[in-house]
Amino acid sequence: MIIGKPTPGVMGFTVERVNALSDGVFAVAITLLAVGIAVPTIHGTVTNAKLAHGLAELWPHFFSYFLSFVIIAMFWISHHSLFSVIRRVDKMLIWMNIFYLLLIVFMPYPTILLSLYGKTTVATALYASVLAAAGILQGTMGFYAVRGRRLVDDDFDLREAGAYLRNAFMMSGVFIISIGIAFASPTIAQFSWLLLFLISLVERLISKKKRAEPGTETQEV
Amino acid sequence: MIIGKPTPGVMGFTVERVNALSDGVFAVAITLLAVGIAVPTIHGTVTNAKLAHGLAELWPHFFSYFLSFVIIAMFWISHHSLFSVIRRVDKMLIWMNIFYLLLIVFMPYPTILLSLYGKTTVATALYASVLAAAGILQGTMGFYAVRGRRLVDDDFDLREAGAYLRNAFMMSGVFIISIGIAFASPTIAQFSWLLLFLISLVERLISKKKRAEPGTETQEV
Amino acid sequence: MIIGKPTPGVMGFTVERVNALSDGVFAVAITLLAVGIAVPTIHGTVTNAKLAHGLAELWPHFFSYFLSFVIIAMFWISHHSLFSVIRRVDKMLIWMNIFYLLLIVFMPYPTILLSLYGKTTVATALYASVLAAAGILQGTMGFYAVRGRRLVDDDFDLREAGAYLRNAFMMSGVFIISIGIAFASPTIAQFSWLLLFLISLVERLISKKKRAEPGTETQEV
Amino acid sequence: MIIGKPTPGVMGFTVERVNALSDGVFAVAITLLAVGIAVPTIHGTVTNAKLAHGLAELWPHFFSYFLSFVIIAMFWISHHSLFSVIRRVDKMLIWMNIFYLLLIVFMPYPTILLSLYGKTTVATALYASVLAAAGILQGTMGFYAVRGRRLVDDDFDLREAGAYLRNAFMMSGVFIISIGIAFASPTIAQFSWLLLFLISLVERLISKKKRAEPGTETQEV
């Protein structure tokens, strides 16, 4: 069985090209984040003190860049692990993936808003909304693909999907809750996103423990 | 038979690299759309009301981004399905593909014009013209590749090509007609583009029904 | 024989990743050309006449975009056909390829200069110099790879390389000569670049005739 | 054994997609360097003298572009050679790779600072710090992957890793030392980076000599 190839002689879609477009989009979106960082303008003679001061004032830009980079990377990891088990794609999955990429590609925009107007509820809630929507789509794609093993192998272990879905919806959950928090305090909302890293860390420890148990299949070839 | 490899020892072209360049171009073009969205400038103290107002005023930017993203995605899907049956490429197809990509890559430009000057016939007609030309090239590439099964497998089902060509020329048709409409009303012309989504939806339902009929080959591996 | 894989257990380079980086760079460079096109600024009420006039005044931008897109595409085609016969890469080829990509990536810059200051010898000569250097590197890479069949298959047909090298050095030749012409007339120098398309067309007709002769291997799988 | 595929039916990560994202990120980062180069503004009539003068004044931009391009290329080559022996990826390596890419993607920013404020200690030290950190991560990834042959083949030759690690840490070493030098003289610090090219050249000559010795495995297929 050749993976991800449509029936010969029939027009169809390949997992390979969906991955190629997705990786390209992730790579460009992640790189454009850095383009949004302003360069300090220095009036008069250029000195170390002025440049250091100018850069220090831009810290919300650096923070937003770092934050968005890591969050988009988390989405990429999740996308990557889903598509590692997908064996065929249909038009429905392709369109879900396209709307998902639309949100990923849009991310540099709320990132710039956050670095410029990070103290407002509007910028914070918009940022969280885009990521909440991306998380929901991520989960929905996984659910659609594995239900009845529609797009995965016949021997696909459904427990694997459980961890994936839990992770995707937990990510959306954090962002949805933070939208509410943003109305009280944008700063606290932004800190709540750090929860994601903790969740991800805890998940890793749990799954590591599981893998270490005897009789469990390891991830190695 | 290794797909898309030229005769060993002879310089030639591979489907693989044509796909790689095309996917790269689609990914970058689709991502640059978002770069064109203006960031609201706020005078005086930053407040939620001012930021929300500034974003609301930019709705034509968001609409154009969304529209172009979905349309380019439709082109990518069509390109993807054509190249899923192409087994070899020649210089003619490569050049048609390059001029096709030239139009795709150009799209962020008419998209910005549309968001800035969306009420003019000029911006609307230019936008539609680029897409009409891309659609015609898309159809022509398909016609060139399948005629006499020039670049496809010997067992390629020509009925498949029928659906593809109908779709490509229907896309161009909608855009060509909308150029005419744009002279009467740019707004109506823009709404006529939504026809594409309806056509695509109807097509999907029809092809789904067909696939469900007994004896039809399914798209699954 | 697995193509382009280094000896197992030894660190090395793969043709695959050199292609991946090159295609990515070509795709981004070709897309950034369009980003350089200025958007017309309209003072007062927006009208069709003003927008049409603004766009018409930008024709050198559109011309430069079109020109650079087609020229970079020609380089990509040439790169593509060279690497279709390369079976292994060494550090020397990788560095030549990197300096070659450095010039391709730089192209959006002379393209903008050409659209802004196209009537000057400086902009025209700079544009031609970058492409002349790229053409020389393209030829040198081919020469290095095929000499003694260093990086190609043992059964590689050296006559193939002849056509490739002739093409690469003819491309550089046109650009080098045009640098001289630019000192007399930048406009004539720019028109001389159209020679490339004629050369390429003539080459195609010759190679087509050759292929049509009996006993010649065709490019098909 | 299929390289880089996770256990069938289990969600995992593939070397292939990590490479795809990395190559995409390298390609975009390397291309965006050129975007930062300013275009000379000419007041009054455009003349060759004014344009040549304007371009000449921008030489720090061209120098920074060239420098960063070559340095990022050196990182890409090193990344490429590491991943040519990696057979499986785990979450730890993926995250190290993501933070490594975060630094690569960030490079256009210190590059612009260097071309604008190259005479300051701040810009020079920041530039060197980002690359020192990238070099350390590069080395750490290699160390993590080969220790106990964790992510490489069972027959992986550990002496190969020695050369790789020496190279990675020597790169970081040069940048770390240059941070110190930058406090005395930014210009000397920048010249010290040229050491890298010398080191790389010497390394090449040494490894060439080694390869030429009888009984050594060559890199060819």
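In this document, chain identifiers A, B, C and D correspond to the written order of the chains, with residue numbering beginning at 1 in each.
Criterion: a residue touches a chain if its C-beta (ideal position, glycine included) is under 8 Å from a C-beta of that chain, and two chains touch if they have at least 3 such contacts.
The structure displayed is predicted, hence computed values, not measured ones.
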| item | value |
| --- | --- |
| Interface residue identity across copies chain C, chain D - same or different by half | different |
| Greatest separation from chain D - chain, by CA centre | B |
| Angular offset of chain B relative to chain C [C-alpha, multiple of 5 degrees] | 90 |
| Cα-centroid distance, chain A relative to chain D, in whole angstrom | 25 |
| Chain centre separation (chain A, chain C; CA means) in Å | 36 |
| Chain A, residues touching no fewer than two other chains | 20, 23-24, 27-28, 35 |
| Chain C partner contacts - residues on chain D that touch it in the complex | 19-20, 23-24, 26-28, 30-31, 33-35, 37, 39, 42, 46-48, 51-52, 55, 65-66, 69-70, 73, 76-77, 80-85, 152-153, 155-157, 160-161, 163-164, 204, 217-221 |
| Complex interface listing, chain C residues touching chain D | 1-14, 17, 20-21, 23-25, 27-29, 32, 35, 87-88, 90-91, 94-95, 98, 101-102, 105-106, 108-109, 112-113, 116-117, 119-123, 126 |
